[in-house]
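Sharing a structure here in structure tokens format.
Should a chain be cited, it is by its letter among A, B, C and D, assigned in written order, with residues numbered from 1 in that chain.
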Amino acid sequence: MNLKIEESNQAVIVVVKEERLDAHNSETLKQELSRLFAEGKTKVVVDLKDVRFIDSSGLGALVSGFKNASARQSSLKISSLQSQVKSMFELTRLHRVFDIYTTIDEALETF
Amino acid sequence: MNLKIEESNQAVIVVVKEERLDAHNSETLKQELSRLFAEGKTKVVVDLKDVRFIDSSGLGALVSGFKNASARQSSLKISSLQSQVKSMFELTRLHRVFDIYTTIDEALETF
Amino acid sequence: MKQDKIELHIKIPNQTKYLSLIGKISEELAVQLQNYSGDRESLANHVNVVLTEALVNAIRHANADNPEEVVEVRIIVTEDELVMQVFDHGKGFDMNGVSQSLPNNREQLEDHGRGLFIMRSLMDSVDYYPVEGGNVLEMRKSFN
Amino acid sequence: MKQDKIELHIKIPNQTKYLSLIGKISEELAVQLQNYSGDRESLANHVNVVLTEALVNAIRHANADNPEEVVEVRIIVTEDELVMQVFDHGKGFDMNGVSQSLPNNREQLEDHGRGLFIMRSLMDSVDYYPVEGGNVLEMRKSFN
């Protein structure tokens, strides 16, 4: 899986450079998020601008990151949902669980 | 089939607004070209900018137009070949039969 | 007159790297469904999603991630409906025993368990039944 | 270890409006062929073209444009080659009797008769033989 990881002040931005976030590649994202929180990062944004398709495993990797963050008083935010990805968050009611922003910058401002 | 037909000075420009020019839609192009030459048009450019895929029937419609033109001392020129379309002309050696130009304007200048 | 009908049958190795291939093929089919009255782009995405969910369950739960197993998918399009079947070679499971609700409680937010919910939400019907040599998960979507 | 293999089988009504569907599905398959050493984008286009040519011949020449007939396509991908088969229900024809050259002479430039030339040029082999209930046109392309 193609992930671009950037640091900006205190925050880490994880940009998913894939068209699909599915059962084939989501385990890598899950492990990367787990690694970041274990290293002590407290502010993480996952940007999904390039993702056109997400399945329940892709959503699951984000939920796993969210639980990881919550357990460590850290926070995970999500940015840049394409319309079909957004409807999957809505269908599974996860838009009420996650903090979702339109752009990376908007997400960063709220930390 | 979606064709856009424009007149420019003495010439007629037929823009094929389709991604595929194949056995399903090429008969329309063939008939349109036949109609134009029968009406007495002497300068016709067929622009293939939007065409990403051509098969032997698509090429055949153009050959039919070319024969029609030749029989009436008129001329048919072709413009804007995408790379995969260009290789079909080359494979069937029809790039030696047709006058092919990079843009509509270049084709028009040569009449 | 006979009804127009498209039947597609594909066998792939039991590996998640083939998910996107099946997803894309199913999207190509869906965008061509001239009899569907709704939004064809959404339908294409939904078909891609539910097939992905069903395939992942067959690959992981039924065929235990064995890369030498084979998964079969059958898609049938008639003038009034779309039927999708995913065959597995596992022992089967009781689909009615799987909760219909989302695993989103504050106390126990789970990172899995949303697949069947998604399939049931996006399709008109989802069934699972034994056939020779395994089981089939069958999803239907009517065009009206 | 067993070889990875993809098998796709599709039946469509005998109508040219389904050409683009088969073309796109075959392109999706071709771009995934990790064992192909050449340019996968060109291969995808070639596969789309030769299947279109073979299908049009089955639809028009063999099945006489009867919209209630059915055409079948089978695509098999193994680790070293791609095999495509198009089945028709016609009387068959003698493929070796069809000229191998292009109908491009100055005196008789023809607007048809380039289909088999294209298939033969882009594939490693093209065969046509009778099977039960009809005939099959079979094209092969090796990955090496």
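Here, a residue touches a chain if its C-beta (ideal position, glycine included) is under 8 Å from a C-beta of that chain, and two chains touch if they have at least 3 such contacts.
As the structure is a computational prediction, the values presented were derived from the model and not from experiment.
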| item | value |
| --- | --- |
| Mutual neighbours - chains that touch chain A and chain C alike | none |
| Inter-chain centre distance, chain C versus chain D - centres from mean C-alpha coordinates, in Å | 29 |
| Distance between chain centroids, defined by C-alpha means - chain A, chain B (Å) | 50 |
| Gap in Å, rounded to a whole number, between the CA centres of chain C and chain B | 44 |
| Multi-partner residues of chain D (at least 2 other chains) | 20 |
| Pairs of chains found to touch, sorted by chain label | A-C, B-D, C-D |
| Touch list for chain D against partner chain C, complex | 1-2, 4-13, 15, 18, 20-21, 24-25, 28-29, 32, 68 |
| Of chain A, residues touching chain C in the complex | 20, 22-24, 30, 53, 55-57, 59-61, 63-64, 66-67, 84, 87-88, 91-94, 96-97 |
| Interfacial residue positions of chain C with respect to chain A in the complex | 16-17, 19-20, 23, 42, 45, 48-49, 52-53, 56, 59-60, 102, 104, 109-112, 114-115, 117-118, 121-122 |
